[in-house]
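The letters A, B, C, D and E name the chains in turn, as written, and every chain counts its residues from 1.
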Amino acid sequence: MPLNTSAPAQTGEYRPLIVAFCCNWCSYAGADLAGSSRLTYPADVKIIRVPCSCRVNPLFVLKAFERGADGVILCGCHPGDCHYTTGNYYTRRRMTLLFSMLDYLGIERERTRVEWVSAAEGAKFSATMNDFARTIRALGENRKLRDLRCGN
Amino acid sequence: MPETTRETVLRISGTNTRKCMLCGKCSGSCPAYDAMDYRPHQFVAMVERGEIAPLLQSKSLYACMSCFACVERCPRGVQPASLIEALRAMVLREREHTRLPAQLIPELIDAGTPQQAVVSAFRKLSK
Amino acid sequence: MQKIGVFVCWCGSNIAGTVDVGRVVEAVRQEPGVAFAADYQYMCSDSGQNLIKSAVKEHGLTGIVVCSCSPRMHEATFKKTAAAAGLNPYMVEIANIREHCSWIHKNMEEATEKAIVLARAAIAKVLKDAPLTSGTTEVTKRALVIGGGIAGIQTALDIAEAGFAVDIVEKQPTIGGRMAQLDKTFPTLDCSACILTPKMVDAGANENIELFTYSEVESVKGFVGNFTVTIRKKARSVRADLCTGCGECTEKCPSRKTKNEFNMGMDTRGAIYIPYAQAVPKIAVIDREHCLHFKTGKCGLCERTCSAKAIDFAQEDELVTRNYGAIVMATGFQMIDPSGFGEFGYGKSKDVLTSLEFERLMNAAGPTGGHLVCPSDGRHPKHIVFIQCVGSRDTSGCGKPYCSKICCMYTAKHAILVRDKYPDVSVTVFYIDVRTPGKNFDEFYRRAVEEYGVQYVKGMVGKVTREGGRLKVQGSDLLNDRQLHLEADMVVLAAAIEPDPTARSVASMLTASIDTNGFMTEAHPKLRPVESPTAGVFLSGVCQGPKDIPETVAQASACAAKVIGLLCKQKLVNNACVASSDPLLCNGCSSCEKVCPYGAITYEERELNDKGVRRTARVAVVNEAVCQGCGACTVACPSGAMDLKGFTNQQIMAEVDAICR
Amino acid sequence: MRELTNAICARAKELLQSGAAGRVLGWAPGEFFYDPTPGVFSEGRLNELVYDGFTAANLSKYCIAESQKEGKVLVLLKPCDSYSLAQLVKEHRVKRENIYALGIPCEGKLDMRKARAKGVEGALSFREEDGQVVFETLYGEVRLAREELLLERCLCCRGREYAGVDETLEYALPELPKRDRFQKVAALEEQTAQERYAFWRGELSKCIRCNACRNVCPACSCVQCVFDNPQSGVAAKANSTEFEESLFHIIRAWHVAGRCTDCGECSRVCPQSIPLHLLNRKFIKDVNELYGEYQAGADPAARPPLVNYTPEDPEPSAVLERGRA
Amino acid sequence: MSLYAMDRARLGELYEALGALGRVYLPTRKNGASAFLPYGEEGSEADLSLLLCDKSPKDLFFPQSEELVKFRLTGAEIALQEAARQKEPFVLFGVKACDLQAIEVLDRVFLAEPVDSFYQSRREHATVVALACARPAESCFCTAFGIDPTSPQGPCDAVAWLTESALYLRPCTEKGETIVSCFAGFAPADEKEVAAQQAAARAVLGRLPYGQLDLSRFGEASDELALFDHPAWEELSAHCLGCGSCTFSCPTCQCYDIRDYDTGKGVLRFRCWDSCMYKDFTMMAHGTPRKTQKERFRQRFLHKLVYYPKNNGGLFSCVGCGRCVKKCPANLHMIRVAKALGGEPRAQ
C-alpha cells in the first residue's frame, strides 16, 4: 500500500471529518515530521494539539462526534516514552474502556482509534492517517452519535 | 496419527517455551538425566522448534520421574516436566486400549514404594 | 470583548504555494471576534513581527493568531513579539498551516479550506485564552544527598566543589557504603579501599559538606527549590565532639557476640564499635540492643575507659530540620537473601557464600585476614564453584526479573583473584550468559579463561548438597550435553542485587515514583536519566538501576551537574500552563492526586462560600512550582474541578467545535 | 422478618445506649407497605424502624450529609450497601469517624414493578410465606414466588460479605440465587453492532433526564455534576436529541467506572425502567477482564483501575477485536 | 349528548380510521415503559387497558424540550428564525380523568395572558378523548380532589368507556362528533353496560386507602404561613434526593428553563422542563433563592396544594394520579406530605 495516496477531492465525493488529538511531544512532532517530509494524508484530518494524550477527556471525543465528526483518533508517545512518564498509560486505559463502551452501544468500532506515534515516526503518522481516513470513508457518515441540531 | 504440532504440545502442557532463556537449570536439576536420550532443556528447545516426532519416540518420556524438580527450579516458569507429561499423554492417548487401568495400579505397589512414585505412576499411566 | 488579530504567513511559497493566503485572510475576517487580519511573506522576520506589533497597537488587539509553521518552530518567537507589543504572551495561538497543511496537500482548494478551518480553531481557542503569568520561586542554595555510598559521596563532592552547601544523610555510622566492603575492583583490580577512602576523607573534610551519619530522613515537605527536611540523628551514645576515634573502648567492651555487619556477619564485634579502621567520621557508636549497660544497667566499662569522656549513655535522638533546594537519592543496594533458593544450600552449609561474603573473605581486613579458607572448618579449599544469575532474570517469584548487571564481571574478578593467589585452587563458573559490555570488560573475562584457566560451564546448577564435609554440585553442561556432578569446597552465589529497602519509604516521602522492581523511576528513561519525575529530586547510583562503580560515579557527577544547574538559579520560573482546581467543584476524592506523576497535588480543608451556601470541604491544591502541565488530573476528575491553564476544557472543546463547524 | 427487625432494633438500642452513636439511619414506614423511606431515628423512635422485603434503599449516599452533622450516626447497611459506604470513605466523601456502620443481613429485596407487571393490581398489603409473597389487593389475593419478584441486583447477589463495617449482626437467612451478573452484558456483546444499537436506542430513548439514577447513586457524589455545570460544555436539563440521551448515560457510567460498586440503585429507581446497571456492568466486566478482578469498595488501599495502570496493559484496539462488530 | 358503542375487537380499525383526523396518540407500551405514542410505531403496543402511562399526556402539549427560535450566524450577520407552531391536527385518545384535570391545570397557566402560543397551537389542534377508569389502583387518590374517574370531566372532546366487549363513546364537542362520524363501527348504544362498570368501579373507589385523603388544611382558604412554617418539612425533606422523577412524571408540573444551544452555525434557543427540586433551579449569577432541599421540597408541594389553588379559585394542581407514589426513589410523595401536614405534627 503506497503511503501517499491522498487524492484531491472530487466534487460531490463524501469527505469525512476526522479529528486527531496529538500530544505535543511525540505525535504532534511526528505530524510535523510527516509535513516536512512531504508525506501526505487527506485534508479530512484536522489536528488538535494537547500537552499529553492523557489530557484528552472522553468528553472531547464525544463532543467531536456530537458536532458531526466521523472519526476521532488519539495519538501519543509510545507507552513507556511519555514525556510525563505515565500519561499515556492512563490514556490507554481510559480510551480502551471508552471505546469498548461505544462499541457496546452499537457505535461503529472503527470510528475511534488510538495510535502511538513518536516524534521520529513521520512516515507512521502519515500512514496511520491515510489508513484511518480510508477506514472512515468506507464507513461513511457518523449517524449514530451526532447531534442533529449541529451544523444548522 | 496423533496431532504432533508444537501448538498441541503447548496447549496440553499449558506452557510457553519462549520464556526459556537457555540456562539449563532444568537439566542441572534432573535426577533422571543420565537415563534420558533427550534432556529436559532439549525438550523445551525442540518443542519450540516444532520437532515433536523424535520426542514422541524418546525414552525420556518414561525416564522422567515427574519429580518436578525442573518445574520448581526453573527461573522463568517454563515447566519442562509439563512438556514431557504432555508428550507422554499424547502417546498414551494414542494407545488408548493398552493403557494401565487405574484399579490395577494398587496391586502393583508394595509397601516400600514411595508415595511420590505412586502419584507419579498414576499420572504417568492412567491418563 | 476580545479583539483578535489574525496574521497569515506565506512562508515564501512554502505556504502560499499551496494555500490561497488571501482567501484565508478574507475568511477569518468574517469570524466573530476578529478585528484585524493580514498576510505577509515572512511573519517571523523582523518586518513581519513589526507588522504584528503595530497591528496590536493600532487596533487594540487583545489576542493574536498566527497562521504559519508549527508552533514547535516559532511559538516562542511570536510569544516574544506579543510581549514586546504589550500583550500577555499566552494570548497567542498558532495555526499550523505549513507542516499540517500546505506541505502535505497538493490541491490548493483543499489546502486552503483546511487552512481556514485550522485558523478558525486557533481563533476559537484564543478567544478563550486567559493571560497567564508564570510564578517564580526562590531556590534554597543547599542540597541534600540521601545515602553516603560512592554515589552519594561523589555527588556531594561535585556539588560542594561548585561552592554549594550539601548535606549527606547516611543511616550507617560511617559513610562509604557497599564499595567499602569490596576487596578489589574490576577490570583494573585496584584496591577498592585505596580509591574510596581518600574520597571519604575529602567528604568528611570539605567545608561545604556536612555529614549526618547514623541518621535517617524523618520527613520531607515542600517542593523543588524549597524542600524542608527533618533528619533524625540517632543517638550514638558517644559524643561526636569529644570522641577521638582511638578505639580503646571497642577493645574493652565485654559484649562480643554481635555479628559484624561490615564483614557480612562472618565475625563479631563489640557493642561499642567503629565499623572499620577507615570509617568517616571515625567515631565510636554504641549498639544499644547489644550493650550490657542498656540491657542490664550494669557494665559501663567503655565510659570508664574513655579518656576523652565521650561516652554519653543519656544521649537522645536529635531532630534537625533544614531547608534544601534539591534532594539527591543515592540509597544504593543490597544483595538479596538467596536462602529462598533451597537447591543451592545457602544457609545450610557455611561453605555456600554470597559474592559479597566472599569479597570479605578475600579482603585483608576481612574476618580471616585475607586468607581463603572454608568457613565451615577453616580448611584450604581445592575447588570453588561460582554460580551466576542466582535470583537474577528470575520470574519464579523468589528472585528478580532483571539482570543485576555487575555479577558477570565480579565473578570473573573473584575467579582471577583466587587463581592468582592460590594457583592450586581450581575454579568453575556456571553461567547462563556472560555479559561484558564495558571498557576492557570482555578482555578481563577472557583473561580469566585464557590466562587463569577458570572453567566456564554454560549451564546452571540444579542442586548443591553436603557430602562428607564437602559440597556436591550437580549442574548441566549444556555445550557438552552432559550433567556434571562436581565435588567442591566452596560455592559462591552471585546473588541478585536489589534496591536498598529504605529507598521505598524515602521515595514516598519525596513523592518520587518507584518502578515494579523498587528502583527509582527517571523523569525520562533516555533523556532525563538522573532526574526523578518529581521536580527537584535527582537520582544517583544503583537506586535508579543496577550499575557498576564507574557508571555509578559517572551518574553521580551527572546528577551533581543537574543539581548545580538548579542551585545556580536565582529564581525558578514555573510552567505557566499548570493545572488548577476550582474549590467549589472539587470533591476532594483524591483521584487527581493518584494520577499526578509529580506529586504536585495535595489536599486541604477549606472554608467555602458556594453561592451563598457556606461549607467546609477537603479540596485539591496544585503546587504550581511542581506541576508540569500534563493534564492527567483533569480527566481523572469526575466533576471537572481540575482544569489545565492554556489547554482548558473549554478551549479544547472550542477547537473541536470550530473544526467540526 | 419481624424477628430480624427486632434484633436490629435491639442492637441499635444497645449501641445508642453505649454511646457508640447518637442516632440511627434506617428505614421508616411509608403510607403503603411498599414505600418505606430513609429515616433517622432517636432511641425513643426506634420502634418505628422497618426492615422487610421493600427496604431496598442503599443508605450509604445519605451518609455524606449525615456524617457532616454533629455526633455519630449508626447506619444500617446491607452487605452490598457496605461497599458503597467503603468506597465513599475511600474517596473522603464521608467522614468515617462520624459513622458507626452496622452490617445487617439481607435476603434480597422485592421489586414492586415486577409485581405489578405480574398482575398485582391495587395491592394493599403483603406477607411472606414459604418462599412466596402474598399480596392482598383491591381485587383479591395474588400469590407469587419470591424469586420472581427479586430486584435485578438481588438475583445476582454477590454474597454476604461486608466491607468496612464496624460490626455485623448475625442472623441466618435463606440463600439467594447467584446468577451470573454479566450474563446480559455478555449476551449483548454477542449481538451485532446494529442489534446493540437498536437495543440501546430503545432503552435510552425512554430517558426523561430526571437524574434519579444520578442522584441516588452513591458513586455520583460530585458537589456539582458536569451536567449541571454551565461551564462544562455538556450541561443540559433535558435530552433534546438522541445524542444527549447517549452522552448523559455514557459519561455518567464513565465517571463512576472503577468506582461503581454495582449496588444497582440506578436501575431500581429509574422511573422509566431503563436497565442502567448494564452500562455500569459493562465497565466492570471490561475492567475485570482487562486489568484483573476489581471490586470497588472492597479494598481501601487498592488503586481504582482508572487511576492505575501497568506497562503491560492491553492496547485499546484489543477490545475492538473481541465480540462482534 | 348521545352514547355510541363499537366492538372492542375492532379497536385497531378505529385507530386506523382516526388517522383521518390527524396523528393518533394512544396509551402505548414500548421497551418496558408506557407513554402516549403515535399509533403504529414499530415495537410498540397500544393498550387502552393501561391504567396510567408512566408518562402523562402533558408531553403532547408541553414537550420536554422544544425549539423556540434560531439565530443563524453568517459572518457578522445574525438572522432570526422563529420556530413553527403546531399546524397539524392530532388525536389524543385515552386520557384518564386525573390527566384530563391536569390539562385543565396546565391550560390555566399557559392559556392565561400572556398566552403561550406554542402550547396554544397544540391545544387547538388536538382532539382529546377521555377514558373512564374501570380498575383503579391503590395509589390512586384522584377522588380526594373531587375527580370522578368513572366519568371524566374537563377539557375533552369525548369521553370513552372500555368494557370487556365494547368501547363506548360520548362526544361532548363538535370535534368529538367527528370521531363517531369517521368510523363506521360506531352505533348508538344505551347506558346499561357503562353504568354497570361505573358502579363496580365506584365500589372499588370507596375502598381506596387514600381516596378520602384529608385535604381540608390546604386549598384556597388554607393558612399559608402556618403550612410554610410547619415543623414537618424538616423531616419530610431530609431524605429527598433532589432528582426530578416526581416533577417529570407529574402531569401538572409546568416549570421550564430557556437555554441556548450552540450549533456551530448559530444558536438554537429552546425551552425544556425544569424541576423545582433541582438545586440549580432558577440559578442566577448570585445563586438561587431556595438554597436548601427543604425549601425546594416545600415549594413543590405548597405550589400544588396552596399557591396554585389560591390563584385558581381553589383548583389544586395535584390531581391524585399517584405517579409520584410509584416513581419517587425515596418514596417522598404527595400522600405522605399531605398526611404529615394535614394532621398534627409528628412528635420529634
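Criterion: a residue touches a chain if its C-beta (ideal position, glycine included) is under 8 Å from a C-beta of that chain, and two chains touch if they have at least 3 such contacts.
Just so we're clear, the structure is a prediction, and the values are computed from it rather than from any experiment.
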Practice task
Trace the shortest sequence of touching chains from chain A to chain D and report its length in steps.
Solution key: 1
Exercise for the section: Sort out for me whether A-C or A-E is joined by the greater number of C-beta contact pairs. Expected result: A-C
Problem - Chain whose mean Cα position lies farthest from chain D - result: B
Fill in the blank from the handout: Relative to chain A, largest Cα-centroid distance belongs to chain B
Completion exercise
Taking each chain's centre as the mean of its CA atoms, chain A sits from chain B at a distance in Å of 51
Handout entry: Distance between chain centroids, defined by C-alpha means - chain C, chain D (Å)
Key = 45
Fill in the blank from the handout: Taking each chain's mean CA coordinate, chain C and chain E are separated, in whole Å, by 68
Completion exercise
For the pair chain B and chain C, the C-alpha centroid-to-centroid distance in angstrom is 46
Problem - Residues of chain D touching at least two other chains - result: 226, 232-233, 240, 306-308
Completion exercise
Residues in chain E with touches to at least two other chains are numbered 261, 264-265
Practice task
Mind pulling the residue numbers of chain C that touch at least two other chains?
Solution key: 595, 636, 649, 653, 657, 660-661
Practice task
Can you identify all of the chain pairs that touch?
Solution key: A-C, A-D, A-E, B-C, C-D, C-E, D-E
Exercise for the section: Please give the residue numbers of chain D that touch chain A in the complex, ascending. Expected result: 185, 188-189, 193-201, 226, 232-234, 240-244, 246-247, 250-251, 253-254, 257, 279, 282-283, 286-287, 290-291, 305-311, 313-320, 323, 325
Handout entry: Sites on chain D touched by chain E in the complex
Key = 30-32, 35-40, 42, 57, 61-62, 112, 121-124, 137-139, 202-203, 205-206, 208-212, 214-216, 228, 236-240, 265, 268-269, 271-273
Problem - Footprint of chain D on chain A - complex, ascending - result: 58-59, 62-63, 65-66, 79-80, 86, 89-90, 92-110, 112-114, 144-149
Problem - Residues of chain E that touch chain D when the two form their complex - result: 30-33, 43, 51, 54-55, 64-65, 135-139, 204, 207-210, 235, 238-239, 241-245, 247-249, 257, 259, 261, 270, 272-275, 278-280, 325-327, 329-333, 335-336, 339, 348
Exercise for the section: Under the touch definition given earlier, write down the residues of chain E that touch chain A in their complex. Expected result: 70, 261, 263-266, 268
